[in-house]
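What follows is a group of structures, each given as structure tokens.
The following pair of complexes shares a single chain, chain A, combined with chain B in the former and chain C in the latter.
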Partner chain A sequence: MSDIDIKRISYLAKLKLPSEKEEFYSISLKDIIKWVDNLKKVDTSKTEPLHNVTEKTVSIRNDEVSKSNSVDDVLSNAPERAQNFFKVPKVVE
Partner chain B sequence: MKNSISQIKKALIEKKMSVGELYDEYLAKAKSGNNNSFNLVIDRENNISSINDSQNRYDNGNPLPLDGIPLGIKDLFCTKGIRTTASSKILSNFIPNYESFVTQQLLNDGSIFIGKNNCDEFAMGSSNETSYFGPVINPWKNKNSQKDNLVPGGSSGGSAAAVAEGSCVASMGTDTGGSIRQPASLCGIVGLKPTFGSCSRWGIVAFASSLDQAGPLTNCVEDAAYVLNSINKHDFNDSTSSNHQREDYLVDINNSFEKKIKIGIPSDYLEDVSDDILNQIDNTKKALSKHGIEFVDVKFKTTEYALSTYYILAPAEASSNLARYDGIRYGVREDGESLDDIYLNSRTKGFGDEVTRRILIGAYVLSAGYYDAYYRQAQKVRRLIKNDFQRILNEVDFILTPTTPNEAFKIGDKLDPISMYKNDIYTVPTSLAGLPGISIPSGLSKNGLPLGVQFIGNYFEEKSLLQLAALAEKELSFNE
Partner chain C sequence: MSNNWEMVIGLEVHAQLKTSSKLFSSSPNQFGSEPNENVNFIDSGMPGMLPVMNFGCIEMAIKTGYALNFKINKHSVFERKNYFYPDLPQGYQISQFEFPILSEGYINIESGDNQKKIRIERAHLEQDAGKSIHDIDPKYSFIDLNRVGTPLLEIVSYPDLSSADEVINYISSLRQLLMYIDVCDGNMQEGSLRADVNLSVRKKGQELGTRCEIKNLNSFKFIKQAIEYEFQRQINIIDSGGEIEQNTMLFDTSTGETRAMRSKEFSHDYRYFPDPDLLPVNLSQEQIDKIKPLVGELPQDKLNKYLDNYSLDKDIAKIIIAEKQNANLFEKMISESTVKPKLIAAWLVGDIFAFIKENNLEVDSLNDKTKDITDLLRLISDDVISNKAGKEILPKVLNGEGKPSELVKELGLEQVSDSGELEKIIDEALVGEEENILKFQGGSDRVLGYFVGKCLKATKGKGNPKLINKILLERLKK
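Moving on, here comes the complex of A and B:
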């Protein structure tokens, strides 16, 4: 197993680990990855991955318009809103 | 012995008490909050119309299946207008404007919600110690060290503790790798995880979507059947919801089996376990043998890979599911100069240690260069685990295992994540296979703490599983 680049992984997960915690998570992640490494010895050359355990066909409803959330419902939990929009800091200059 | 749903309904029908009196009795216990089993208790005034409607139905002689029954709801189910936090800081201000499918069925059947049960943050934990609102305390005490506060198990720890302490008649939990069965076992109650695809996941805060399943925590097996009758329905809003014909789980629950039943006990599950745990299996075996049930030894080939598979797949799905918490549309926002800073700050400050750890594991196993070696390989091994169960269930009707490898432990005792993850060794394989499992109390440990056994049945065969559990329960019941 190669070394884990904790800075890269945390950025991929959109997390900014405080520097004093980087080692804590790094060690923990290494231990767990080492622990799950035993899967590598299982021969799965003839096995398909399993996504949905009951493998039942997805049932599809009729394509009819139904009443759903209103704009106010959707925005009711927004930390910041402006009119009918979620508000965020300026992205494009 | 606590009253069952059918006993309570009988008392309400015979007017030995009113719905309001029943509700107040449970509400008072929930409000005392000694075990921190609720994140939120709903005020009486917010339930008053439900109480009155329910009483009217009793007075008119046409009560609904769960009419007036006070229920706890794990704080992972979205409840319309009632704060739903997943026991996380990042959702600590979230008020859904819709009701989860499962809780809507319970309301349709007349039940009344006492409040939202504490749980592990985003259901990630086996001891209810990862909650942002503090740990839940198991109502049971070790008779040899009465002062110690013990964990109730997790992640549905608040649900289990609430039922055990008597602050609700039953509680709705969710189970991803054991989160209903393990706390039920450690709190001396019944916990049922239905087949994956039985009960809709719509409106449940998502952890690992290929594993999450809702189910009841109850005082007895019959109560589990009552709740399952209500919640086990097809739902178009969950693409994995099965549309098979559901049965009435109460009918025949107390009947004996018409055919000869064979139960497999996986001997590899019982290597290196304590006498306390072995006794549970022996007692169950003895009790059911009296009813002509045959027990045989079965051998799994994949047990040693189950936890590894789970701790790749569940964090991978969690890291994807939890990407939605970004401080923009709902939840707690931490300010930042740029949009990216808002994401980073909100997520970093909003998630606790265990959730952060699992997001990191998930991001790692899904990242470029590791996806095939970990995530895809785990999905393949998952199929081998499923095949292994199907092979065994071709030989036997049910499988009997311990629910947990140990009794309830002290709060703060298990700090190392891997030793915590091993708590789910008996429940995780069933979850990976998607099979239904039920934990029932089977006896007490040397320290006087409750322990449980798990019965596993075939896909969507909850009816016979409950029938078997009800039979075992009659033989194994113990007094507190």
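Moving on, here comes the complex of A and C:
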């Protein structure tokens, strides 16, 4: 099993991890992966990958417009708004 | 020197599909609305909201499949591409990864005097993101989610392109095709068609180098500039002993330079997995076949038709097929009249397009003038008026100032085609010209032009030049 890069994982998960907790979570995650790795014991060489447990296909709708809410509804949970924009801390990429 | 270097380019083109509603929600798919006007709870990523597939997007993808020679896959799967950005409220983009709806297509583009086949690896459906506005407030970004969930078809080419001009030709051809089949409005300024350019350099004949990706280019001018700059940048690095770092670049339109996006602490990891909210798309052959007739005539079909059936010059035919609305206008005029297609084509790409350009009009706006235009052309081809008179009347006809036949009468532009009358004028014009007549009979053709001019002047420009020419020749040969 590959090593756990706990700094990267917390970065991807947008979680701030105190450095004294890093070892604890590394070990916990390793244990989880070890347990999940039990699945590797199953021989799947003759099994087609399954993307969904139902045999059904995606449900579709026709290309029609309907408006179900107002701008104010959408912005009502925003921590901050400015006119009709969401206002968020600056993230520039 | 860049002489023995070559560039290797692959493109990802994002085309916004012109459906009425979004990919997974019923919100309007519309550019230019008030901020957050076209946003519902699915688009804004509210917990518990479920995406529902818009079949219009699948239809448009299939049409594209036919137009770009793709294999249309009956089975495709939506997956989540996970990344954090404020204009992506779900926290992931729904896209297709392992099983795209289209694979292994190609188009032919022009490269110099030759055709070049550009292979296309895949095309898949995905959601567009919203827009962040960074320049209103120094500390905050303002977010408009109107664009969230707009259907995109991402078309990924193989690295078959080897110059900026080829890239431009490729994108123009794609744009033309997508507009012909009516799946994308092609408006690059509004972002309906955007390209990411993957570029690497190598010495001719050598292995592929490390590539850099220039993101989000939305004009031909910038694409060309960015490619030329990035090509030189990579050569300079290698020439001075450095190595190319695989990077995502932004093109700064104000300086004309590319620069690496703020380097990240960790590389991206999108952690794709099948979206549990969406079942796989499984299409029947019948569903796919049903869409084929909707593709219609493609530019190449029209080009062949114009050359073979209408005997147009290739350059003129190409101008007409460049945009679907040109071709529509042209074909409407052909179907409504018996004027020769060649004459219609010449006037269309000449005076009519000049009028459109001068008055800043849409080609479509002349659709209700086609009958008047062909009536005017009929007057010219029947020699009722001269070509010159036609040019004079055309703008008035296009401005709706009157019917061609009325305008001809009103302005007294009717041509004199009565040979008796013309003979009289010609005979008068030849009086006292014995010396010139001898010159002509001695072999000086230039004198003929002088006589034609003199006779035309005598008719105040209204004499039929063809007829004058003919009668003059008869008289002079005597």
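By our rule, the second predicted complex is superposed on the first by the 89 of 93 C-alpha atoms of A that agree within 3 Å, B and C clash if a C-alpha of one lies under 4 Å from a C-alpha of the other, contacts with A are read in each partner's own complex, and residues count from 1 in each chain.
In the analysis below, contacts are C-beta pairs under 8 Å (C-beta built on N, C-alpha and C of every residue); 3 or more make two chains touch, one makes a residue touch a chain.
Only a predicted model underlies this, so the values are computations on that prediction, with no experimental measurement involved.
Shared-chain residue A:S19: touches no atom of chain B or chain C. In the superposition on chain A, A:N69 makes contact with both chain B and chain C. Within the superposed three-chain model, A:I32 lies in touch with chain B and out of touch with chain C [touch as defined at top]. Measured by the number of chain A residues touched, the leading partner among chain B and chain C is B.
When the two structures are aligned on the shared chain, A:H51 is found in touch with chain B and with chain C.
Residue contacts after overlaying the shared chain place A:V42 against chain B, while chain C stays out of touching range.
Of the two partner chains placed by superposition, chain B and chain C are both touched by A:S59. In the superposition on chain A, A:V88 contacts both chain B and chain C. Once both structures are placed on chain A, chain A residues 8, 12, 14, 51-52, 54, 56, 58-61, 69, 73-74, 77, 80, 86, 88-89, 91 are touched by chain B and, in the other complex, by chain C.
Here chain B touches chain A in the complex through residues 93-95, 97-98, 195-197, 210, 234, 236, 239-243, 304-305, 308-309, 311-312, 319, 323, 326-333, 336-339, 342-345, 347-348, 351, 356-357, 359-365, 367, 373-374, 376-384, 386, 417-418, 432-434, 459, going by the rule given at the top.
Of all residues in chain A, those touching chain C in their complex are 7-8, 11-12, 14, 51-52, 54, 56-69, 71, 73-75, 77, 80, 82-93. The part of chain A that touches chain B in the complex is made up of residues 4, 6, 8-10, 12-18, 25, 28-29, 31-33, 35-40, 42, 44, 47-54, 56, 58-61, 69, 73-74, 76-80, 86, 88-89, 91. Residues of chain C that touch chain A in their complex: 19-21, 26-28, 34-37, 39-41, 44, 46, 52-58, 77-78, 82, 84-86, 132-134, 136-145, 261-262, 265-266, 269, 271, 274, 278-282.
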